[in-house]
Structures are given as structure tokens and as C-alpha cells.
Amino acid sequence: MAEAAAGKKVIVKVKRQATPKEAAHWEEFALNWRPSMNVIICLRDIAENPVTSDGKPTTPITYDSNCLEEICGSCAMLINGRARMACSALVDSLEQPIRIEPLTKFPVVRDLSVDRQFMFESLKRVKAWIPIDGTYDLGEGPRMSPEVQEKGYPLSNCITCGNCLEVCPQVNDHNGFMGAAIFSQVRLFNMHPTGKMHAAERLKAAMGHGGIEDCANAQNCVKACPKGIPLTESLAEVNREAWRQALFGWLVG
Amino acid sequence: MSATESQPDASYLLRKLHSLTGILPVGAFLAEHFWSNSAALVSADKYNQTSAELQTIPFRIFVEWAFIFLPMLFHGGYGVWIWLRGKSNVSQYPWVKNWLYTAQRYTGLIAFVYIGWHLYTERFLTQGRSTYASVEQDLQNPLFLTFFAIGILASSFHLGVGIWNFLCKWGLAATVRAQRAAGQLGVLVGVTFSVVGILILISFRFDWHPFASYINK
Amino acid sequence: MKQPKIIVVGGGLAGLMATIRVAESGVPVELFSIVPVKRSHSVCAQGGINAAKNQKGEGDSIAKHFDDTIFGGDFLANQTLVGRMCEAAPGIIDLLDRMGVMFNRTPEGLLDYRRFGGTLYHRTAFAGATTGQQLLYALDEQVRRHESEGRVKKYEGWTFLSAVIDDGGVCRGICSMNLHSMEVQTFVADAVIFCTGGIGAIFGRSTNSVVCTGSAQSALFQQGVDYANGEFIQVHPTAIPGEDKLRLMSESARGEGGRVWVPKTPGDKRAARSIPEAERFYFLEEWYPKYGNLVPRDIATRAIHRIVYEEKLGIDGQAAVYLDVTHIPVETLNHKLEGILEIYEKFIGVDPRKEPMKVFPAMHYTMGGMWVNAEDQGTNIPGIYAAGECEYQYHGANRLGANSLVSCIFGGGIAGPAAVKYAKSLTTGAAAAPSMVFERERQRQEEMNQALLSGTGGENPITIWKELGEIMTEHVTVTRINKNLELAYGKIGELTQRYKKINLSDRTKWSNQTLNFARELGNMLVLARVVTMGAYQRNESRGAHYKPEFPERDDYNFLKTTRAKWLNGDIQLTYETVDTSHIAPRARRYDAAK
């Protein structure tokens, strides 16, 4: 233990907030460095020994995590001021002290844990699903060209982490903007052979409150997306579909 | 339950209109304005002649209000409303397009104030009869000159970025490649307008007419 | 009677499928999940989903899928329902396709299929290398649709504590805790379907997600639901070692032509790419010429252990071998494997398209789980159903790659209607159960919380958990030796004693993850005992269960399902005959034709 204590330290500052109503404050921790540490490992170290760097006992940090391989979308947080996934944030690539804060565009539950229900509600609003008749046997699905699959597959990789909302200047308290992820789903379902039949419904929702027009092309979303989803392409595509629907929808029904 | 039937709302149409008016007619007018003022690069007479021609177009008041003043007021006014609904975070995410987003707001406001003042001094105070001499005189004042330069650069920048935004936001440039091309077009427009605008200023300020030789032929 | 009500606990593939089926039948359903269901562990499944569609003209058939599954599971699976699953598989693929899953396509616009371990056929439909994610999302979207139309109510951020069981031994609902308010509440249901997934956390580090603690099934076990074949733990041959998690490197890497090798010279320090072909030992291809790199997981895992621990040929003396895809064209890799290669690149910082990956086996899946009947996923307690990884039914002694997704959807798909049918058959529904039954369960759970919150001993739950994981990984995974199992069992007992003295570093009443973890840990310790005891008593080698002291399969004594029962705090193992009515057991060999 002595040599570990004498070894390299990782300094981590965490923004704490006990309940949604209480004020936030910062706590600093000094952890033992190990190779290939990520931010999740830091938070686990703190949970095992919740003592601040000035020796004060505290509580373990509440945070969301699950898969730890950047596919469940749970552990999005601000790390050194940037929205990203904690599991893939390697300590050696971060400037110290590492500052960890909850996302700011969603209500804080406690510490780093936030409530992203807004995104799931938005998915309902735009009807992000294929309305199948039922799960009983109705034979094969529609044929799809590999080209469509290759366009659709990256979009269906969206993990609803919320990073694209977090970095978007248009997502804030004065604005109901649903965020890039949602419109990318609209594009996905509108490109599917069955989903296409209900494209107008999704487009109407995309033109409603918090809809696509609130996008102001800052294009931060595409840079922050951990899955490399072409969000700006999706926004542009849905924009085009939407105004065509608005202009000509009433003509062709 | 939020699964209520969603419908296009008024703000959708207003935003679309805002985006459109930036190009047509406001952007187009800006192009026309720079073009007609370029007459100063030929000669004072050419400028006065062009100016006089413009002042005598039929239905002038109607054309001015319907295609210039009102769209501009709407574009500027609604633009401010849009600004208030956003919250710049460029200090946190200092990425190029995020800078453009923020700059687009400030240049829009500068351009709006400048154009308002410009209209007031050159259109309303002079009852639409501004001449080469009056402009030349105005520009002898260094404050006026600076304000003109800032206004021209801000308007040019705003139009350049606006074209890029327009092409992306209407889905006319949808792929990453097309958006890159749209960006290049925006840069080209912004730079061209800036250069031409500044040349016009220089022309007035220093009585400089590089194309004067055209007349002698 | 009035409209029945069904509860589903767990929102992975099985839980969502069960939910959809119940909602479709017009019965209201409440769906409980610790995490938002879209973040369930099913997202981590990578390679694909099996169905014998014979779309490559290789002569594949349902019978062959059935045989591969039974043979791969070393004849320990009850055969009738496995047969039904294989029959249903092509229809399940069609259904998922209709739901909009972005499966990879052939130029004709049909689904593409790849090869997976334990079969000679291209039977695995896939969506890039994130098939589980794509399937989960498709079902999640359908559930969201039902939710928005009022047929499903979700309770996300609630953890299951216990079933509410009346004096007649019938399940009448559940007791659950809100992970924000920490409030303990009971919910009435005529039938409850559990789809609570894997148990990776009892091994400390595994390929599983954080929520895969097995806590729910352990709690149910302690309430009388039997637990079967707990000793069968699949160790995946290829994972990327990490301190927080052992990240899976999908079998699809080998399915698409990836090769496993080590340098022939022990301790060879040269860079992988500079080692000439002749000095590489492709041990799987050499030892198993027919299946090569695509032998089943238990075989590949043991081969890697042998290479590392007996032949001392691990890369540079470490516990690792190369998984090499560098010979495959980059376009193919990006098209078919991008998702998993990105994981390697992101977490290790090396591009696997250019450098062979370093991998090592990791605990991956439990074939064992809650005992269910062979008709409709019902457990031995009336009103409790189970589907997905948390039950034991489909994979015998070893699961074949890409069979888990199909078993989740099939199991969930039959559990839903079964629960509805049962609920409708009740003469007195759960709503008529005395409120005392609910209140006493709620109080019992509150008291457990209070006891944990007021504990003043010196023990830290995370320390206990880490020690548990080390013991389980060392003694109860790949190679099992009776004296070590005895030792492990004793140590788990010690940890259980220490657990009684834990002291929580967080005693608050809002979003207290420490309290929830402590509760899960108590349940993990019980399940760890079930697994260890099952391994200890099974003196043979079968599928994933390998005992060098008993290297042969012993059908006479152990062609049996282990069925663990909880009797007043003690675990008792009984053995049941396995249904082998369709395929007669034969020797399981992959080094020659079957």
C-alpha cells in the first residue's frame, strides 16, 4: 500500500448535489493512478473509499452507468467541461484536475445522475417506431436495398445519451427544442419501407412545438455524438421533407 | 401523456419565413445595393445617374416597403427573438460552426442597427435623394467611415453564413459533402461582398475611381 | 372476474417481448426496470441472432439448428421446447425485420447471414456488430408505441425487491423500490413475468453490464422459486481485459474470418505483425480442423487456457492471445464489424484493422437460471414466470453464439400469453388478496433497508464484492477442482458473515446507490453459493463445466438437471431427468465430424 500511496495521483473534482433542490458544491478527490483508468473507475474508487483529498469523509457519488462500453447511453456527463461518456473517457487523455459535472440540460437527480425522460417523451411525439399490425406471423419484412440499410444502420445506433442536446445552444429553458437525436430518428423511420407510409405524421410532429425549426445549424451535435451519427445530415434531410410536406402536403393529401 | 397529435405550428412558418427573407428579398437587395453603389467606382456622375434611375422606378414606395423595409424589419426583429431563444456556449465548445452560430447573432444585430441608421441618414433624411457629394461628405467623418466599414463587413459576413445556413436548413445541401460545398459558397459570397463593399467605401472617401477609364472610350 | 393485470420485471429483449405480447392481448401491463429499458444489457449483444432460413443454399434446416443447439449444450437442455424455439426462429427474424431492424442485406435486398460458433452453416442474421442493440431498440419502440397508446405503464428507475406471495403460496404482486425516492411500495398483479437477465456481477468483472447482478432471481430463490443448472457458466473466449469491465470481442470477429494465434516461441517479444506466418501457432485451427476458429465457446476458452497456463505460450508471457482480423479487407471490417472494432480502438487505443487484438476469456453468460416448466415458462410458484437469461431452459451446458437473442424473444413471447391465460383463469384475482399480504411484505423489505442503513460494523460492501468476484473467477469459471470449490464455498460463507457487519458510507434517503448495491450484494452472495455448490456436486465434465478430476461426461449419473431449492436458509440440490426424447445423447466432439 505504501508504494501505491507514494505513486502517481489522479486529482478529480466532482460537482455534488444531494437532491434536485439543494445547491451544488465541489469536492476534490486524490486517487491512485493505474494504467487504462477511465472516469468510471475513478467514481468506483471514490465509492469504495469516499474521502475527499483533504481527508473529509463524504458519500459515494451517485451516477448513471450500465454497459461501460459506450452502447447503453447511461453515463453521459460533463468531463472537463465537455459532454461525453464517462466509460470511454480515459484518464490519461484528460487534463488534471479532472472536473466532472452532471449534464446541464436535464434535471439533476443527485450528483451526476440526471433525468433524460424528455428524450423518451420526444420519441413518443414523433412516433419513432414502425407501426406493425401485430407480432403474429405475417411473413417476411419488406425487401430493402443494401444502400438503404447502410444509411439507416448508423442512425439506428443512437444511444439516447443526450450529448447532442447538451451541446446544442438551442436546447435550453426558453426553448422546447427536441434536439438532433430525435430528428435523426424521424429520418430513420421515414426511410424504412413501412415507416415511410406514415412519414407525414412524423413530419407534422417535427414541425410542431420544439420542432426542427429550432435547429440553428451550430452543428455542435455532430461533433459531440459518441456514435458518429451524421446528425447534421439527418437534420437537413428532415428539414427538406418537412417544408415539402408543409408546402405540398395539402395538395397531395 | 404527451402523445397528443402534433401539428405544424405558427413558429414553424415564421422561422421558415425568417430564413427565406434573409435570402429573398433581403440578401438579393443587398446584392443589388452593392451593385448599384459600385457605380461610384466608375465615377461620381455614374453614381448619381444610377441613384437617380433607382429613385424613379415605378411604384417606388410600394416596392421599397414590400420588398425591402418590411422584410428587413421582419428578418431583423424575428432574428432578435430567435437570438433570445438560444444560449451561446462557444466558450465551452469553441468549434468553428459554433463560432459562426454566435457570430451570426452579433453580426445580424450590428447589420440591423447599421442598416437602420444607414436608411435613416441616406434615405429618409435626404428624402431618397442622396448624391455622390453627400455620401462623400459623410464619409469624411472618421466615425461615419468606421461605422460604414463595420456595417458592410457585418452584413457581408451575415449574408455569407446565412447562405450556408439556408442551404443546410432547407435540406438543399444535405450530405456532408454538399454542406461543405455550401460552406465554400458562403465564404465566397461573404468575402466578395466584403471586398466590394470596402472598395466602394474607399472610392467615396478618397475620390478613387479605378474604372474611370471605361468612360473615356 | 374483472380485467387481470400483469407485471413484467426487466426491460431487456425478453421483458419487452413479453410486454408486447401481453399488451397485444388487451391486458394492461406494468413494466419495471432498474434502468430506462432502452439501456438494458441486451444492447451489448453483438454478433447476431440464429435462424435456420437456409438462405445461402447450404442445406441448413430447423432440424440442424435444433441438433446444433442440443449438441452444443451437451444434451443437458430439455429438448421439446428447444425444438419449438428452433422452429419459431425464422418467424422471429421475420418479425424483427418487420419491426424495422436494420439487418445487413444481400444485393437482392434479403437478409444476410454469417457463420457463428458451433455450426457449419451461415445461420446468423446480423445488424453490423450491434445486433443486440438493434433488436432491443426495435422492441423498445414497439413498447413505446403501446405505452403512448395507454396499454403499457413503465416504472423505470425501480428495482425489484421481492414477490408478494400469499399464504396459499400464490404470487399476488411485487414489492419494489424507487431508486430516486428510495420508497418501498407493493404492486398488485395476477401474474408476474421475470426477465431479469444475467448474473455477471457475482464474478466481479465480466462482460455483463452493471445491472446484471442476479439480485432478482436470487431474491425469488429465497422466496421459493427453484434455481436450475446454476453451475453452467459460459466463459467467452475473447474479451478485452479492463479494470472496470471485460469488454466482449464478439464471436462475429471469428465468424467473419478472424484467426486466433500465439507466437510459437514462448515470450516472443516481437511486434505481432513482424512475426512471420510460419512462426505463428493457430492452435484452434490445428486442434479443431473442421470448425477451426469457430468451435463452441467452452472449447475455445479451454484451448486458450491451455495455451496460456499449460503450454505457457501467452503473448509475452501474459494471459492473452491474439485475435487477428488484419488479413480481412478494411471495407469488409468496416461494413460488418465496425461496432466491435471501435470498442477495441476506443478502450485500448490500438486500431485492430492494423494490429491483432489481445484478448482473454471472460465470464459472459449463465446457462442456468430460475427453474421453469417445459410448456410455458412458469416457475414452481403459481403466478411467477421467467424468460430470457434469468431462466435455465434453452442452452443446456453451453450456449451457442447467437442463440441467446432468439431464446430471449421466444421465451418472452410465450411467457406473455401464458401469464395472461393464467391470470384469466384465476377465480379470485390478486386484487382480492388481503391487504395484509402486501403490507407485511412491504414492512419486511423496509426493515431490511433499515437494518442496512443503521449497520455500524466495519465492512465495506464494495470490498466484499471485489473479494467475491476474485473467488468466483478463480475457482468457479473455466477449470473446477473440488478442493478449490470447497475452499470457495467456505470463503463465500465468510463473506456472508462479514456482509452482516457492513457499514454504508451513504445513509441518506434520496437516490442512495450504496443502499441498493448493498441489497444486491446480499442476494449475490446467495446465488454465488448456488453456483459453487452445483459445480462441486457435479462430478463430471459437460459443456462449460470442466473438472480435470472428472474429464469425461457421465450421462449415467449426471444427464440431469440440477435443481436448487431454498429450505429455511439452506440450499438443497436435487436432480431431475432431462428430456432427451428427440435426439439421443452422443459424444460431443468438435475435432472431427459429429
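All chains are identified by letter, namely A, B and C, in their written order; residue positions are counted from 1 within each chain.
Quick note on the criterion: contacts are C-beta pairs under 8 Å (C-beta built on N, C-alpha and C of every residue); 3 or more make two chains touch, one makes a residue touch a chain.
Keep in mind that what you see is a predicted model, and the values were worked out from it rather than measured.
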If every chain is reduced to the average of its C-alpha atoms, which one ends up farthest from subunit A? B
Please indicate the chain closest to the centre of the assembly, with centres calculated from CA atoms only. A
Distance between the CA centroids of subunit A and subunit C (whole Å) is 26
How far is the middle of subunit A from the middle of subunit B, if each middle is the mean of its Cα atoms, in Å? 37
Report the inter-centroid distance (CA atoms only) between subunit B and subunit C in whole Å. 63
Of all residues in subunit C, the ones touching two or more other chains: 148
Counting only residues that touch at least 2 other chains, which ones in subunit A make the list? 124
Could you pull out the residues of subunit B that touch at least 2 other chains? 3
In the complex, subunit A touches subunit C at residues 18-19, 34, 36-38, 40-41, 44, 47-48, 50, 57, 59-60, 62-74, 87-88, 90, 109-111, 113, 116-117, 120, 123-124, 127-132, 134-135, 137-146, 149-150, 152-153, 156-157, 159-160, 189, 192, 194-195
Touching subunit A in the complex: which residues of subunit C? 17, 20-21, 24, 35-36, 38-41, 43-44, 91, 94-110, 127-128, 130, 133-134, 137-138, 141-142, 144-145, 147-148, 180, 209-211, 242-245, 247-248, 335, 339, 343, 346-349, 413, 460, 462-463, 505-506, 508, 510-514
Quick check on the complex: what are the subunit B residues that touch subunit A? 2-3, 5-9, 11-13, 15-16, 82, 84-89, 92-93, 95, 97-98, 100-102, 164-165, 168-176, 179
Any idea which subunit A residues touch subunit B in the complex? 81-82, 121, 124-126, 167, 169-170, 172, 174-175, 204-205, 207-209, 211, 213-220, 223-224, 230, 232-233, 235-243, 246
